[in-house]
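The following blocks contain the structures, represented as structure tokens.
The following pair of complexes shares a single chain, chain A, combined with chain B in the former and chain C in the latter.
After this line comes the complex of A and B, so read on.
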């Protein structure tokens, strides 16, 4: 690991002079909220030496220049909703929070793009697009609080990814501050671009290790007239999951196919204190379809009903979107209410292997005596398995968690899957990524990192190690 | 076995309303419509009673402009066997007086009833006058703020929420019941119920069909403006002294405002 310098009083004064005292936190109490994300555990938390809250790209650049000159880590931070300790200053340094860069800068209705600052929440971006009759199709479950810059950092997926793809497919360009403090725009309001290497795609999903996003160019699509959400309830998780590939291949073109196992359903119901259909034994498959033609939508509803009923659904319902999505989106928070410490797995496998993967996870949960609540984006093969510590001792938890993760990951890679579908690697999964990834691929990643961040100051110790 | 009529209102989805930050005018240009949230509770309790009591009947009634037709499939998928709707081009200007006149006239035309169900208020204007006015026009009791509603044979029992207390009443004969959200959680209709809803009978009434005269269809109140409001925050920052002092100052200030 690079030898980093501490943030001295002199450096603080330089930063204050560059961006103003009102944009700098030195007080421990004020810095504390920036010491963690949603991942709980002492080894994942650390109060940064300094927190800065710039309001312009130029201010970000000024801070990065000073940090680069003194070899001090800089950690770009969005809303802190990650599960991987991605935006925590574990190796010291300066957290650059984008929370004050939260404006919608432009909605270009003719070209169907919008330009926003990285600190705008996903929900704000969606709402601004909707108000002009467009859809911004990035839709992570954390969208009410997560920032668009963070979505780009992790290549967030979410609830429309089956039809529209992940954040990567929604982004047409980014303005970044480089490790040396230069400001550059990569990509832009273009539908196509073959002009050299596509560098903005390198930034997407790089978790702040290759550049700090200061402006986002986002694609828009026309807002569909209507969306309908179907809730199919199955008595067993196995039959629920087995229906997913059948729906996917039936020509329905869903926006999403989500699932919740019965443990998740019951826990969300208890957390929300709202009754959910057939919650006693039901495992949920949620299918959303959208379009402008009501007859066509009804035809698709009929197809979904037929497939689900034939495959053992006890009921196939038209869901109240507000109620069902509240339950689906609150899944992780509801788990947190019964177990402060959890390990949220984010594995992704080819969709045909979802049933086998889910079955393996359930068996392993029983084998290790761990409660695991599974939910996620069945339509794109992305399974969130939330492993709950509950009242286990720290030692027991560490031992069991490590053992079960080893077995889960081995199975996932055997099936052609990967560690993370949308949450990213951060610090939590770095070692496992190195363990399961082809060394040549890791070498290529290291080469990219070294080229773009020669002094390794951008969010060091995350995603990969470079030395 | 009870003959049940459930009333609902087709309203703008409040989530789609935008407020012009300059003029505070409301922009409805991208709004969609829905069955008023609280009326879904009324439909649900009506459906539950209908399902439990063989031989009972359940129909839905709504009043509005031509757009109400779009609501019928949703309403019928939730249980009612038949829908009646009153098509009035001037419904956008209607107040509780006009709405109640129209719905009461439609109910008289539909025929005998034991229970008229509706929400305590609508999710758009929330006047909470409808049930009482309809009951008066039909010359039956109004049972408001109903939190629980049960039918045993010919006995109808309503548990009314009165602040933090309940009043239980038994009702003999026809009555209008306005229900609170806790009376029943709306179901998710099945796809088959949604498809089946298209085949259920629908009857349209015009204002003329109901024999309403000009006085009965002229609102008693006129809405002169509906505007958004801006939250004026006090923006008090407690940053003097140690953290413990700041917390105490905050707690004191909240207590002074009556919030603690």
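After this line comes the complex of A and C, so read on.
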């Protein structure tokens, strides 16, 4: 790891002079909330030397320039909703929070783009689009609090990815501050572009390690008039999951096909303290469809109902979306209520391998005596397996977690899958990424990182190590 | 420019030993077809020192390893349908033609992906997908001859980009041979992936300068049951173009909105030697829609008819797709019949700026006394302005072309546009890319190129210069 310099009083003064004292936190109490994300555990937490809250791209650039000059890490941070310690200053340095750059700058209705600052929450962006009759199709579960800049940082997926793709597909360009503190726009309000290397796709999913996003050019699509949600309940997880490919190929073009295993359902029920349908032994499949033609949607609902019933569903409900989605979205939070420490896995496999993957995870849970709650995006192959520490000792937990992860990841890669579908690598998965990825690909990633951040100051020690 | 070594007899023997004499061309006559693409002009043509026609990724890797060891350029080549001298060995070296790697390797119906070799033509890929009930949505005008590897190289757009996006959106991964001759798969049959830097998006559109594509993982979508095409004829180009945003926002979700100016229509008519509708002064707008519900499509046709008629169309025809698309697709070829030398521009602007851009081009054509035929993808902002040399002397042509391009590009960049929507940069546009792009972005591109191709052997002198 590069030898970094400390943030001295003199450097703080330079930064204060550049961006104003009101945008700089030196106080330990004020800095504490920036010491972690959703990943709990001492080795994942650290209070940053300094927190800055710039209000303009120029202020971000000023901070990065100073950091670059003095070889100090700068860690871009959104809302801190990641599960990977991606935005924690584990190797010292300055956290750059984008929370004060939260404006919707433009909604270009004619060209169907919007331009927003990275600190706007996903929900704010969605709402602004809706108000003009458009859909911003990015929709992570954490959207009420997550920032759009963070969504870009991890290429967040979420609940509309089956139909619309992940955040990557919603982005047409970004303005970034480079490692040297220059501001540059990559891409823009263009529907096509073959003018040189596409660098904004490289920035998407790079978790602040190749540049800091200061402006986001987002695609809009027409807002569908109606959305309908179906909840199908299955007595076994296996039958539930096996229905997914049948729905996917039925020509109903779902927005999403989500699943929750019975453990997740029961735990969400307890956490919400309200009864959920067939919770005693039900495994959930949630399908959303949308469109402008109610008649067509009703027909599609019928098709989904039929497929689920024929394939073993104990009940199929036209779900109250509010209630069902509340359970699905609260899944991680509900787990934390019974186990402060968890490991939220985010594996992704070709969709046909979901049944096998989930079966393997269930078997491994039994083998190691670990509680695992599975839920996720069955329609796009992305499985969240939340492994719960509960009352295990730290040693037992570390040992068992390591062992089960090794077995899960080996299976996932054997099936053509990968470590992360939407949460990213951060610090947590860095070592296993290096372990399971073709060394040639790791070498290319390292070369790109060195090329764009030669002093290794942009969120160092995340995604990959360069030395 | 790097000092390259020549391809000596000894090196030829090494290559023959590695990939077989039957896959190596040393004969001038056999090499000649690889000396140019569709861009005519002595400075754009050069017979390569050697042409190799490998049949496997391992053979590609073997050639690149030898070239890397001896610092010899390697130029990946598809069907040679580019307009930018992208695949010509202008700085010497070995052309690697992918024409013998042309197999459809797999159609994974359940996961909706196909895996193909780079030398398969786009049409072959489309047909293979159709036969299984799927659509491969990439559809460049040159699709009957262009290779899928070339489509990836330039991030080709084409006739379905309004609805489905460009080639980039159809690709889920590539296998490449790196500059050092290693074989690596980037991406794969996954619908989501946040496992480290996305390198395959960097390869897409990099024109063989960052790696050589040896396998393509393509997304499939369900094949729509019907497609319908409308031809609306307008007496003036201005009214024709102004109808485009109205169609785009009418909720009919077109597959494409194409246009052809009157000069193009008349020239295609003469070339095809068959009469086209209202060709005397008609400017064409072609709209395609598709779907599974004929009733809905009929309704959408009605909407398009209404919008066009209300906005000045002299006639609206439910077009015989064969006939209309033949004209649109033959546009460049028809121009070449009256002017061997042309400059095919490929500018892209935010869609709302199309009218202003086209007006500017028409004015500049008059100012410089140059014949320009405009056609292209109005629905996504991509304009092909084909500037014809006709009987100008080489000196006059060079001078006038340079002057008019300067004015066109200045306008395009002023409007937030770029040089190339789908054809790429190649050699032809390298200098103007450097001229019009933010130097910070150029510097980042150069850093990436140096990182992935440190000896600058992969298609050198294309896209950007690194020294």
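The rule is simple: the second predicted complex is superposed on the first by the 467 of 467 C-alpha atoms of A that agree within 3 Å, B and C clash if a C-alpha of one lies under 4 Å from a C-alpha of the other, contacts with A are read in each partner's own complex, and residues count from 1 in each chain.
Here, a residue touches a chain if its C-beta (ideal position, glycine included) is under 8 Å from a C-beta of that chain, and two chains touch if they have at least 3 such contacts.
Since the structure is predicted, the reported quantities are computational estimates derived from the model, not experimental observations.
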item: Chain B versus chain C as contact partner of A:419, first or second or both or neither; value: second
item: Which of chain B and chain C A:381 touches, first, second, both or neither; value: second
item: Partner chain in contact with A:305 - chain B first, chain C second, else both or neither; value: first
item: Residue contacts on chain A - larger count, chain B or chain C; value: C
item: Contacts of A:199 with chain B and chain C, given as first, second, both or neither; value: second
item: Partner chain in contact with A:464 - chain B first, chain C second, else both or neither; value: second
item: Interface residues of chain A shared between complexes with chain B and chain C; value: none
item: Sites on chain C touched by chain A in the complex; value: 108, 110-113, 154-157, 161-162, 165-166, 168-169, 178, 182-186, 188-199, 201-202, 204-206, 210, 222, 245, 248-249, 251, 253, 292-293, 296, 346, 348-352, 377, 380-382, 416-425, 429, 433, 437-438, 440-442, 444-445, 447-452, 463-464
item: Parts of chain B lying in touch with chain A, wherever the complex brings them together; value: 18, 30, 77, 185-195, 243
item: In the complex, chain A residues that touch chain B; value: 29, 130-131, 133, 230-231, 274-275, 277, 298, 301-302, 304-305, 315-320, 324
